[in-house]
Structures are given as structure tokens and as C-alpha cells.
Amino acid sequence: MDIFLQACVNGLLMGGFYSLMGMGQNVIFGVMKIVNFCHGEMLMVGMYLTYVLSTAFGLDPYLCVPFVAVLMFMLGAVIQHTLITPSLGTKSFTNLLFLTVGLGLLLSNGALVIFGSEYRTIPTSYAQTYISLGPVNVALPRLISFCVLVVISVVLFAFLKYTTTGKQIRAVSQNPVGAEVVGINAKRIYILTYGIGTALAGVAGALLTGFYTIFPTAGASFGFRALIVVVVGGLGSIPGAFFAGIFLGLLETMVALFISPSYSDLIVFITFIVILVVRQMIIIRRK
Amino acid sequence: MSENVKAVRAYRRNVALALGLLLLVFVLIPVFVKSPYILNIFVLVFYMSTLSMAWNLLGGMTGQNSLGHAAYMGLGAYASCLLITKAGANPWLSAIFGMIVVGLVAGVIFYPCFILRGPYFTLVSIAFGEAMRQFIINSTFFGRASGVGLPFGRDSWLDFRFGSKVPYYYVGLAMVLLIYLLMKKIERSRMGYALRTIREDEDAAAAIGINPTKYKIMAVVVSAMVAALVGFFYASYIRYIDPDLMVQAKSTESVLPAVVGGAAYVEGPLVGGLIMIPLSEFLRARYSAMLPGINMLLYAIALLAVIRFRPTGILGWYMHSKTKKFVDEKLLRKPPVEVFEAVELQKHSGKEA
Amino acid sequence: MSNTPIIEVRHITKRFKGLTAVKDVSFSIREGAITGMIGPNGAGKSTTFNMICGYYPPTEGRIFFKGQDITDKKAHEYTKMKIARTFQIMKPLKNLSVLENVVASCYFGHAAARSEREARERAMEILEFTGLFDKRHILSKDMGTPDQKRLEMARALATKPELLFLDENMAGLNPAETEAAIELIRQINRSGVTIFLIEHIMQAVVSLCEEVIVLHHGEKIAEGTPEQVMNDPYVMEVYLGTKGGAAHA
């Protein structure tokens, strides 16, 4: 029973990251209808940024989070403005797809060229501190990270729901032409959206550094899981992404616990394919 | 009228001559180039371009952007390798067996998946590739993460096993040519028109009587079988395979020559492969000790530059360039389109009479 | 002509998530004739059209082709029955030339070409018939609306249909272009093709159709000859009364 509870908590803590990644992906897909295939690489860039900031200035990884968020937002805005917006005009889905795939290649191999392939960590005094919650032990960095990302999720949700800019983003995602007619500058919203999406991925990366190793392909598995979260949680739905992320984290730990840790990836991918196909069948049936 | 016929014939002869010369150059390369390093690059160009052509049938021609072709290649490599090592089968027969198995697997698995359109299909292809890799890593029969090796031994055509790179060069060249001709044939056939119609618009395809699912399945099966053939070639050449063959990055690598070269053209993967792979190999050999990843970084930059500035790829750019006009009109003496049509019509009326 | 109508629609209803787009509509299309369907925006014309073309099944009711139930046939099976359609929002194969667009169509349907030469020859004939011959080497995405609408018809004709469905084929054309399109549709009809069209432009419907069906709020409110329909007081109220400008468009 204790093991089960421990697995639940671990799944929940990991699932939070999938949620955060999924929400970023979801905002981007919602507005531009493109799948951001370099989302995982953005997380990796966030990790290296945290690494650089904390080794160069001796900052605590968690203090780096706001800086990482701002820098990643800028990176995303620049990418959107120089690469994605011009290609949106060609309406070629293939090109947009391989644009983000190419960006992913660029970022992961750029990191490989700059930092090499060795695994890095950011040592902290509290990395090995555990907190007991009843029968369950939780590493302190994981707990802090989870709390921070819950706060970020709530803030994001409120931002999209209540602020003017948030409403504009939702307007563009529902009807870009209509939004433009009522005077919303769609290009500005695209920049904002992609910036927010990458900032969320970067922050997820920064929050991971407390207990995760940093290497050039660290983001890949998170990137794909973000896509799963988006599809399972429903396109455009922020709460959906949140719960789908948690579900995915729990699914992984449960498979690891009851079947075998080495099968967890296999089962996640097969579950995903089945969910996709069944979901589409339901949509067709309803038509 | 006979002027026209002459002009068309002269043009066809010029094209045949140019292509013949090109082929001759490729045939003669191993006679003059003895460096195994250079030959290796050519072999790499051959099989990666073939893999890219396989992708292009599904991605470029049908518009189904798969990111799982490394999995088909890997499965083909595993199927033929296991048959050779476990059953002692002849490699050539096991290659055919591997292609059939992979074609069947792809057809059966993707049958339900083709109700998915656009990005969802891409996602399934990624998930499929990863699931296959994870399955192999977890299966003792497939040798888990440590992979499968092919036996070494005396040079033999029967066992497709050589110490030198030259035989692989010629087999690779033959493979590229064969698959290119196959793709060219498909492009001009009923299937090619069906696939391109589906790429442009599935509803429009259905409206003229094309069953989109049927043709997409055909495309994925042919594409997977070609990828499996490449897998067999790779395994026979390297003589060792492991699940890393099927990682996501390899699938992406198989797409790059096609997109850089021009995915709308059957020749796109060849042009892209011939330019990108030698460049990448050169960088890898030169700088990878100091800067690992530099060759893939170049790939990424080339890909982004092409998509941003030449969205139809190198060939798409060439097709509308002055260079092509010069080559066509001055070097090959291509007559205007009307002349071709006049000849075509004349032929038909002559036949009816 | 036989008495069995070429298409018979019996009590079809379509609901989308509680919204009833088409409610209990029945009508038939006579072989050899030009039948038109009109109605204001949102009247359920396109929904009815798409159900008859097999794009989605009706929630209730059946559709018959020459007495045979075709309600559950898929869209791609229609050309085998010698039925073809066009789309309101044109769907040309954008990156192919006009000729290739039509060649693609010649390869399919009940009289599919068996060789590339046959397909090309037939495509040339159809291009000449539809007046697109001179533009055959242009990429279809580079053409204007009138030519794209023509190409839609050419692509449909290339499957050698006996029955042709035209979905707002004249929307967005100026009067001269409309006139030319009407002439083309007449010619197609004269060559023995039954035509069913939905249209916004009154002028076209009045001058082309022998029979007209009027839809409003998803229900059939009138049918008959153009004169009968135009003089129906209810039709005048809902259609001409609210959309008077459309009559001149």
C-alpha cells in the first residue's frame, strides 16, 4: 500500500511537468493550428539557461525561473517573428511541420556543439532533502517544483480567461479572421502566443534542473508527452491539458509498478495510438 | 510537322545522352576512386536517398507526413537479419521476406490510423516508431538493446558479404536507380494521380471516385517495403543492427533530403541527398571530435533556410530559374510545349487512320 | 424517359448535436432535366446537397438512385454510379496544372481511362468543351474564380457522369461570367447529363431550371416550375422579401 501511495505521488509530481508542457503546446496549437515539434527542445534550452545562470552568477535554480521565463519568451518571440509567421502565409502544412522539426534539430544539436554530450547537474544544498508526508517520502526539489508549476498553471488559466490580452488570444484561436476584423493584430498575438508557449516550456526545464540531469536530448521525451497531453486533454483546453498531464504521469508510474519499468514507454505509446484512433472514430460517428 | 517530330526526337536524344553520361560517371567512380572513406559516403548517399524516396512517396506525393520511417527501415533490417541468423536463410530471400513482413505490418497497423488526418497522422507515426523500438528493446527474441550481428566471412555474392566497399557501391547504385524508376512509374500511373489528388484535397479525391483509404494504404505499404529494403541493405553493409537504428532522429534524417531537395518532385530526395549527405559527412569527419553534432546542426540550418526562403526546395527553385531555361533551351534544345502536343496528336491521328 | 426519377429523396432529416439543419425533406429529380434548389443562407441547401452526395448520412430518411437505395454509399462510390459533383468552395488540385487536374479525373469513375494516353486525350477533349484548353498548362491555383469554377465542372465531367450535382457554381461571378456559365451548363445538359444545382443567383435558376425546389429553415416550402415558385406568396415573403438584392446579383 505504501509503495502504491509513493507511486501515486511520484506520478503526480512528474505529471505536473507533462501538464505544464502540454499547456504551452496547447496555447500554440490553439492559436496557430500548428504542432510545435520543438517543444521538448525548448524545455532543454530552459534547462541549459538555468545551468548557465546558476553557474555563472551562483543563483539558486529556483531564483533563475523568472529570468528563464523572460529570456525564453524573447527567444520564442524572435523565432515566431522571423521564421514561423512568414511560413504561415504559405499555408503548407508540410513546411510548417518541418520548420519546427528543424528548429528542434537546431536547438538540440546547437546544445550538443556548445555544451557537449556529458550529463550535467546543478548541485544544491537541498537536493537530497526528503520530506515525509505520512507514509510517503518526497524529495524537496520535486515538491517545490510541483507547487511552482501549479501556481503557474492557475495564473495562465486566469490570464487567458480574464485579461484583455488573454481574451484576444482566445478570440484569435477561435476565429482568426473575425478577430482581425474587430481590430486584433493577429501577428502580435502570434508572437505573444509562441513566446508564452516557449516560456512555459523553458520554465518547465528550469524547474526540472533541481532533480534532473541536463543533456542535449533531455527534452525529447517531454516534448512527445506534451503532444500526448494535448491530444488526450482536448485541443485548446487548458484544464484538459492539466488533468491529462497528471493522468499520463500516473499511468507511467502505475505501469512501472505493476508491470515493469521498462514497459512504461511502450504502454504509453500504444495507449496514445489507441486513444487517437478511438477519439477520431467517435468524431466520425457523431458526424 | 516532321520538323516537330525531329525536334522532339533530338531533345529526347539529348536528354538520354545527358542521363547516360551521368550514369557512366557513377559507374566509373569506383574504378578511379579507391578511398574507402569516399566510397562509404557514396554508399551512404545511395541508401539514405532511397529511404528518403520511400518517405517522399508518402510525405511528398500523398501529403501524409510520416515521422516514423526509421522504424520501417529498422523492422526490415531486423526481419531479414533474424531470418539469416536464426534460420540460416539466404540474405537475398530474407530481404524479400523482410519487405513482405514490413509491408504487411505497416498495412495492418495503419489501416485504422488512416482515419486520422494532418498532424494526427504524424503523431501516430512517431508513436508507432517509438512503440516498435520499445518493443524490440524489451524482446529477447530481437536481442534487446544489444542488437543483432550478421556473421562475417569470405566474400560472397550469394551471402551478400564483402570486405571491400565496391560491391556495396554497385548494389546501392542499382537500388537507387530501381527505386527511382519505380517512383517515376508510380507518379505517372493512376496511383500517382490518386495520391497527388489526395494530397491536395481528400474530399475532392472522393468526389472523382478515389477511395482515399485504399490509396493511402497502398502508399504506406509500398513506402514501408522500400524502407525495409533499405534496412536490409544497411544491415548487410554495416553487419550489425541495434534499436538505435529506429530512434526518432533517424526518421527525421530520412525526411531531410526530400524536403531540402524538393518534396513535390520524385527527384527531390536524390538532389537533396547528393548535396546534403556528403556535406554532412565531411563536417562529421572534420569537426565531430571537437564539436559533436556539427553535421546535424548544418542539416538543421539548411532545412530552416530552405523552408524559409525556398519553400519548394532546391528543385522547386531550379524549376523556375533561368538556369533551367538555359539548360533546356541551349544545352538540351527542348522544343516548346506546343511542339510536344502537336507530335502527340499527330501520332494518335496516324494510329487511327 | 422512364417514370422512375433518377434521384428520389424520401423524408430526409439531418441533426447536428441537437440543431436540426434539414427537416423531413422529400423531392425527386427527373432524368434529363435541370433541377434547381434555392433558399436563403442557412436554409439547409448545402446540408441536403452533401447528404445526397454521400458526404454524410442523413439522420433519418432514405435516398434512391434509379430506384436503388444509395443512402449508405460512400462519397467515392458515386462516380461508379455515374454521378459527379462540384464544390461550392473550389477544390482544384492547386499544385497541378489544369491539364493534370482533368487527367486525374479521367483515371477514375465508371469509365476510367486505362492508359495515360487515353486519359490525356479525354482530358484535352473536356478542356476544349469547357473552354479551358488555352490555359491547360497554368497551375490551377494561379487562375481566377471563374476559371476555377469551370475547372470544377471539367473535373466532374471527366468522370463521364449521367447526373451532375453543381454546388453554387455561379457564386462570385459577374453577370457576363454568369451568362457564360449558364451557357456551359445548358450545353452539358444537352449532351445528355441530368443536372441538379443549388444556387443563390435567381437569374441563373430562372433561366436554366425546369423545376425548382425552395428550402427555408431546413424545410421544403415550395416546388414547381420557376414561374410557379416565383409567384408563390410564401416564397416571395421569405426569399425575395428578405433577400431582394440577391435577385439582381
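Per-chain numbering from 1; labels A, B and C assigned in written order.
Going forward, contacts are C-beta pairs under 8 Å (C-beta built on N, C-alpha and C of every residue); 3 or more make two chains touch, one makes a residue touch a chain.
Computed from a predicted structure; not experimentally measured.
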State which chain is most central when centres are taken as means of Cα atoms.
B
Hey, which chain ends up farthest from chain B, C-alpha centres compared?
C
If I count C-beta pairs in contact for every pair of chains, which pair wins?
A-B
Taking each chain's centre as the mean of its CA atoms, how far is chain A from chain B in angstrom?
34
Can you work out the whole-Å distance between the CA centroids of chain A and chain C?
47
Dist(centroid_CA(chain B), centroid_CA(chain C)) in Å evaluates to 41
Chain C-facing residues of chain B, complex:
188-190, 193-194, 196-197, 200-201, 203-212, 264, 337, 344, 348
Contacts from chain C onto chain B in the complex sit at residues 53, 55, 74-80, 84-87, 91-96, 100, 103-105, 107-109, 112, 116-117, 120-121, 137, 155-156, 158-159
Help me check something: in the complex, which residues belonging to chain A touch chain B?
34-35, 83, 86-87, 90, 92-95, 97-99, 101-103, 105-106, 108-113, 116-117, 216, 220, 224, 227, 231, 262-263, 265-266, 269-270, 272-273, 276-277, 280-281, 284
Inside the complex, what are the residues of chain B that reach chain A?
59-60, 63, 65, 67, 112-113, 115-116, 118-120, 122-124, 126-128, 130-131, 134-135, 137-138, 248-249, 252, 255, 259, 263, 291-294, 296-297, 299-301, 303-304, 307-308, 311
